[in-house]
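In this document, chain identifiers A, B, C and D correspond to the written order of the chains, with residue numbering beginning at 1 in each.
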């Protein structure tokens, strides 16, 4: 069964979730991956959306973070201040799923402005949403992002959400309670932080993709793990489940982009076609 | 129609409440007075109990601050943190009703310990409850207390709730947002703070009570207002309504004491018979 | 106690030029009709506050009502950019727009501080981000017990809160349910409030998950059926996802936007929006509910 | 995910000698049966935390389980003093009792800080009172924006929360309604939790005003019908006001109290309390429900 790079990315992201995990999930790719996991190997995955819906069990993919189906299927719906203070900040969520417009080698995320001057940005992006505190407080963070030299940069223009900051020890110095990014899942492969240097390192590669391809679409000198492995192609049941989920989305006249917690936006007009989802 | 000193006190306290006021009310005498006001001249009085019940409309007098009838008749039931932070601390409540074990000439209240040594008290009282923040934040505070040399002291042994502190300017220095005690209603008369000195001054006297009686039951040199007036005796409808309300209380084998916000307790074993309610 | 008035009266009484106005509703219950009325009454120099200034503020910004925006995520959810917002930030059209941006947690805590009568709130946030240095009202505090360094955010105290709810009763008590967002904090933090509702009922039947705002905590209630469109009111309407998608094209171009505003806001009769009005809106963008 | 076990198993697993234990329930839903089980398992040196340590803690203190009490109002609501509490404070019987006392607002904010993963909370409180100087974990903080002086209270982070609820489902999700108090904050602030429930149901039907604690935020659920007696569970039982009154005489005298404890706690079979057990209690104190 043939599949697209995006499908490979979503299925790989779904594999990162284990059953009964609590997952703070943004709309867009993270929500697709989390709902795919729930529809396949992790039926008791606990989805938490920043709209205050805890344990949402949508039968169809929600288009927005506040769709009625999230409230109607949730175990509990709480206020927005409560979801951030009692449920996220307290450190009780296993995994946070984030998107990014820019990502650097220490896993720091930019979803605010492109360009050096905050006051006069080259491109104004949506901003932080829930991402900074998801990145700070979840036990681990998974970033999902399409890979290019424009999105994978040596140093982000603006640190919206902290990954490993300046490197080892940064999170501890800043008092960030979660462990930070455990993996970055792209349309080409998977990067994981080096335990010594905290630098994102290529550790998984998709079938048919070469290391040179990936290095060519990375804005820093990407290191390759000694344990680099090829990741399995999506299974037929997974692809069927994913396509079934996507078919439940409302017809859309524009490309979809992951909003809110998974904040990301077109980086340039061209990017609307290329990188947005 | 004959009446008791306690009935006179409760009716006078009810008179202090106007229709549509918001009133943060403790169990015991404050609750009796507030519900009497609601049953007579102030049908739209808004009762708020520290159990989180906003706009409770009990048809019978609740025995505890958390009786089911308060939740069942409330416009809204909120959590205990919310009632204190969003509703009380924010300064949106018109009047707070407090009891006291000891009260001093500046309207400071003690419901914690009797005796000079906190670590080895002569009598251990219930403590603060909601009283300190009610005294701090309500637009005005009304204290209801039976008067004696033991309860009306020059300086309280322990400041549980601040009235006017050390006198004029204290509340401003402490950053207390409400105006403080507007009147103290006893079984003999009514005291109000002198606008210049903040000292509680006798301004109302009940029929048949003499100024000398009241001075004899006050532990400081009580000043008498130039505008001292005799307060009206309870009307027959008021007494009928009050007795009707009290008849709805469950049979009780012990004296009742005002708990929680209206915290008060027997000062001595003898006081259980004498002063507690 | 809340006064029950028309939408035009509520906005005229509550929202003045130069005010700080917070319109809340987290995807659900966004007070779009009230936003249109503010545009129609041509309010100027507003400081607009909202966690997710989606289409509602794109319209107000494009119409020139705002001089400043306080927010935490400015996008068209599920669709893409807010073009009017970007045009204002990037090209000062139609007027310059000052911004003060936070994270969602920061905004939620700023509202909580305002609702609680506190000058600030503390959270674990901002530390290590570039936001901390760009945003006013963010400071470091040290825990007096553990010496941990945390972040303080200053309280939000808007002049006016504007929210939409499902129901009010005849006394002006308000009830809403579903995703309840940050509206309670927004109303309680604000000096005044306008609540548009789907309907007035005799009795507010208790509902699972409902928030009730007592009448005495609300300033004005106006009946505006469909007043959340293209957002939704659970139990009354569905989110018009197609309008969110259509907005991308409407708002991308200044002239198209201006024509849309003319037709759908300025030339629409003042007073309560209604289901008929919403049907017109939906029809004009070629969508069905 | 919560484990559904017997009350005896839950207490044995969750509550250890020397633990800090918070049993909450604001007049409503007080977990009395769980308190009895702690006495029956003869736990010692507990730090007991509770806003209103009414009869439930009078019993635990009188039974010698506690070395410290953190509280904000210690009385028998509507009746008078807590005699066992006073005897412990005034005469160190049966063991000395250290106290740390707060206001209700202080306690509520201490729980909120714990539930929020913060080391402290701020409030307008304590200033000008004698409490500020007598109580640990209270400090002055200065607002970094306005220079106002406010009060910081340190977070409560109990080892165990113990609460009572109306229902759980078979997965261990918990639902309670009526006066919901500070129990959510208490459970979320604590490392472990025990929830006794009136019944296990197949499906938690959504209820107005209900709080739902998801199973994964709870450690142990035990079915204990009538487990709040003499407190109540809205929709299941009524408050036994007469027992509160009767407690005054039972608890006033050490020997009477000890005999009561012997008969009604120690010599009662371990395991879930039941309606029958409550009937015995009620009968023995000469009261009717």
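Things to note:
One rule holds in what follows: contacts are C-beta pairs under 8 Å (C-beta built on N, C-alpha and C of every residue); 3 or more make two chains touch, one makes a residue touch a chain.
These numbers come from a predicted model, not from an experiment.
Least step count on the touch graph, subunit C to subunit D: 1. When you average the Cα atoms of each chain and compare centres, the chain farthest from subunit B turns out to be A.
Averaging C-alpha coordinates per chain places the centre of subunit A 41 Å away from that of subunit D. Put simply, the C-alpha centre of subunit A and that of subunit B have 57 angstrom between them. Centre-to-centre spacing of subunit A and subunit C amounts to 27 Å, using the average Cα coordinate of each chain. Of all residues in subunit D, those that touch two or more other chains are 112, 117-118, 123-124, 148, 150, 184-185, 209. Annotation for subunit A: residues 85, 89, 137, 177 touch two or more other chains. Chain contacts here follow an irregular pattern that is not a line, a ring, a star or a complete set. You'll find the chains touch as A-C, A-D, B-C, B-D, C-D.
On the subunit D side of its complex with subunit B, the touching residues are 26-28, 51-52, 71-82, 85-86, 89-90, 101-105, 108-109, 111-112, 123-131, 134, 148-150, 178-182, 184-185, 209, 232, 234, 238-239, 241-242, 244-246, 248-249. Against subunit D, the residues of subunit C that register as touching in their complex are 117-124, 137, 139-141, 143-146, 148, 150, 152, 154, 206-210. If you check the complex, the residues on subunit C that touch subunit B are 1, 112, 115-118, 173, 184-185, 188, 211-214, 216-217. Touching subunit D in their complex are the following residues of subunit A: 20, 22, 46, 54-55, 75-76, 85-86, 89-92, 137, 177.
By the touch criterion stated above, subunit B contacts subunit D in their complex at residues 27-28, 50-53, 63-68, 70-72, 77, 79-81, 84-85, 88-89, 112, 118, 121, 123-124, 126-133, 136-137, 158-162, 165, 170-171, 174-177, 250-257, 259-260, 263, 265-266, 272, 276.
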